[in-house]
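When the chains are written out, they are named A, B, C and D in that same order, and each has its own residue count from 1.
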């Protein structure tokens, strides 16, 4: 087994985190090039990695000697182009979500793969690699609670970053539940209705935080999602699947229970990098193993496209106030 | 303190249960008359109670010597008439929910009380007397989690009785969440949208079980309710209130935790009489104390009317598939 | 069913609490006399109870007209005498624990009952009437976890009252675990070893708080008890039974779970009257029902004696630092 | 950063597991040699690792070209010799627990390191690398619950392997709690008392399963451990630390909660490799990073010696039935 050389595109928070993770937790891989328009940032990340080039041009990074796979963590608007460089060279890709800023862009990636006739692109929906989500998926697939009727989802952040917008609440946050629901149920989302309480006075003005998203699926299930990115108390992702003969819940992280001063309490993780640390590790290890064989190990370009289409419908529903159908192109044979 | 004599109207499951409970757990009260059209049933219940009359006529029971208060547990269609007999005599009433089969009937009770100028009727929404609901109410009133944004509610029964209908799913089951939401929030429900997944194949044909009810309130909160009366695994009522600065959940009953055969498990109560046994006791004790002073200690006729109006809107929404506004008459000064 | 008249001996905290409870939650009973050497205290308690006499002499209270049963909540040193008055008149007794300050005194009560040939005395070990303890007892009796090997017990109070002594840590606090263990296992305690960490600097000097009590039983089980009456954070009683094929735990009270400020937390009850409120109610109701028929419904004089003997051995072990055998007289046929 | 070459001594269950783990989760390291007296077993493990030698002689494996560190997972009796080969060459070692079969052997390793003047040996007490144990250690060190008074520990296996003996119950199982207690408290164990209930009829005859181990520490804390290696229901490690102002518990693994058939249940892990999978990964990563710098990152030879000495005292107490003091040599400056 030779070591897989990886080009990391984007040296911001996510890119730097992935790059560090490759060196630390993914045996059989190493970063050979880091590209970022901000040369200083690229250098800083590369400096921590023995012998990695720092570049400003993503195309050059993808083409660098020894690169056998590409990890894309640049801003969403730059994803499609970088994926293109990788596909040209037939290199496996792990692309942070969203695959593209809109469904049309994601669809172009799907079409490019179809022309190649191979699936090379994996999208970074890390929850599919979380241990609890994995157990829930197994239980559902085994019929352990019968046909699913509901998924009740909570997605809470302590606070939102300064640049966050009302559309990102759906396209950047709820998109995780869109992918999780499609995957857990093995169904497409067919319609979305977005509701909103009077917005929290503790959230930035105009953000419209929180939201309540109700999705209908091709198999007759209902998926409801509370998205609340300024909940104040921490980061929390929970999901309860309700089936015809039982229910199953995830989302209470393992934690030391402390009794003190009249309370029995556990700390709530403050950040997704804490809550999903293991999922990110596992995503990387699985992708490295699959990429070494030229394939993917998780959500593919079709999943990226479908999630983007559902989020577009959600944004439309949030604006119009009415239930909005999700229109997908026919699913190509490559993704069946 | 002399003992309060109570006439129990209706000797079915609920009536018999209340009658037994009065003797056992409510100091200061005793049943003096039991009325049921089924004379045998009335006799059977009265037989267990030292010196209680068994009658078939509710009016006669209310007028029996020594009766100082009336507990109504007959079928919903008979409530309004029985309440009328009590109001004529100025007697305090505890009426099982619903106050009347429809909002119009409940409104007539409200109007009758207004003519009397006194509130004598309490409706049997027992959750208001549950210890956990009481703590949640206190927390919300104290601003402990900030202004409420959501109530996420689950209402599950192991299985529905043979006579259960699609409308009862809303009017008999979800009505508890309607009252609880109005009380916890101190707000009226202004609109209802009812959604449904493909019905469970394990529920009776045509029942349309489960349902998902989404309510909007006068203060800008959203209340969602999963009503599932054939969930199979037990009786379960849960509620999570989400406010601007925190959340609070109830509904994990105290239970012995058993580790055995690969599982860490707790038994789920199978029945509301188990889950809310203490709430029924406390409701009765509080009502007896209040009735002895000529008043009520809990949800009143207005609450019964408002809940009925919301349920009517929910039934309409379930039929039409669209969001339905709740229209209430103006709240009379007696109930402010 | 006529109403049972009760004489309450002792109008301190426990007596006043029991007296109030009789009026409120125990149908079929009423307090007719309250006796306390402090006449003012007796009057105050009696005043809240319609038509009850206030007396200073316990013998007079027991002999008062209408008295059909006696509840003793005076200091331990006064129990034996008051029990004697009741036994002379053949009246059922509920006596707060301990039955007597020492095993010799408790044994004299056992002998007095033997002479009468009837069991009339119930000891107020209220845990036997707690719902969770009841479920654990059922599970053990049904062989649900196989033959019991261990009971791991925790008994914690937020802080101890000013008059508390090192011996009371065992005789007043751990005595509850002694009775619970004997009852749950259906076995006698045969030896006791008391260990102690360096005492808490937050507990009163000289109290030797906390202690660790290890009991061996006639059926080969080990029972360990942490007794810590100045734990600071609240009142907590937990018990895990470990059997050959599983384990079962009790002691996490039902509570609203609040997420706020980085924590997921539940309030810990601060007091035994909160934690065991239902158990006290149930104890009273069961005793009233049994007393009306002339009998007892719970731990009897033999249980009071055996618990006292174990506590004496524990005190001896705490002083000597060595394992101490428990010596009981032969169990009389009346108690088999 | 060049890659650290590792010799794995012992290709049984633990050795094979560590070898696989190095390739998969520890960036910066690779296995270059695998030694086992059973040549076939060594070959099988080496075959899964690109370019690793398979050998039968541990000395040859340690001396193989490219070896920069040694991982020892052979039977306990072979540890001391293999550690010797590594120390001769100045190579860092991760040695599975126990460091040696008895305290005398462990002490010889301590003495050998002293002669070298460097700490090169880390012992594989993986719990120190578990996230929950780490949080508990931080909390205790920060004074979060005040001075520790008790550690209540449970160590349960579903069933014991065929070769398990009564002494291994203490030296192989309880030894983990010995190390955890010493580490969490930062104190030495000064005396041990071993108690036993009547042994479980479901455990192998003569094993004397379960046991109850009570340790006293240099700082006045008490540590009690239930060791039960045939508990039937799964693998479970729990620990509650009780301090002067609070308590803290660990050991409820994150798990999907399933409601089904009258139960609310979570699966119990069946094996330590599941429960401590992350701890083993983290142990390896930390050791690789430390070994690359020539040091250790966790329990050292002194810890291995002290744990062995406590276990010897425990075995003696189990045989004699009396409290047994732990005698340690003076702690050398190298380990302060």
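Criterion: a residue touches a chain if its C-beta (ideal position, glycine included) is under 8 Å from a C-beta of that chain, and two chains touch if they have at least 3 such contacts.
For each chain, UniProt lists the protein as follows: A, B, C, D = Inositol 2-dehydrogenase.
On a predicted model such as this, the values are computed, not experimentally measured, just so you know.
Engineer: Could you tell me the least number of steps, going only between chains that touch, from chain B to chain C?
Structural biologist: 1
Engineer: As a multiple of 5 degrees, what angle does the CA superposition of chain A onto its copy chain D give?
Structural biologist: The C-alpha superposition of chain A onto chain D needs 180 degrees.
Engineer: Could you compare the number of C-beta pairs in contact for B-D with that for C-D and name the larger?
Structural biologist: Higher contact count goes to C-D.
Engineer: By mean C-alpha coordinates, which chain is most distant from chain D?
Structural biologist: B
Engineer: With over half of the numbers shared counting as same, classify the chain A/chain B interface as same or different.
Structural biologist: Chain A vs chain B: same; shared/all numbers exceeds half.
Engineer: Between chain A and chain D, what is the separation of their C-alpha centroids in Å?
Structural biologist: Taking the average C-alpha coordinate of chain A and of chain D, the gap between them is 37 Å.
Engineer: Round to the nearest whole Å and give the separation of the Cα centres of chain C and chain D.
Structural biologist: Averaging C-alpha atoms per chain gives centres 44 Å apart.
Engineer: Once you find the CA centre of chain B and the CA centre of chain D, what distance in Å lies between them?
Structural biologist: Using C-alpha averages as centres, the distance is 57 Å.
Engineer: At which residue positions does chain C touch at least two other chains?
Structural biologist: 232-233, 245-247, 259-261
Engineer: In the complex, go through chain D and note every residue touching chain B.
Structural biologist: So the residues of chain D touching chain B come out as 232-234, 236, 259-268, 270.
Engineer: Enumerate the contact residues on chain A facing chain B in the complex.
Structural biologist: Those residues of chain A that touch chain B are 146-147, 149-150, 152, 195-198, 200-202, 210, 212, 214, 216, 219-222, 224, 226, 228, 231-233, 242, 244-247.
Engineer: Within the complex, which stretch of chain A touches chain D?
Structural biologist: 1-2, 22-30, 50, 131-132, 135-136, 139, 144-145, 245-250, 252-261, 278, 281, 285
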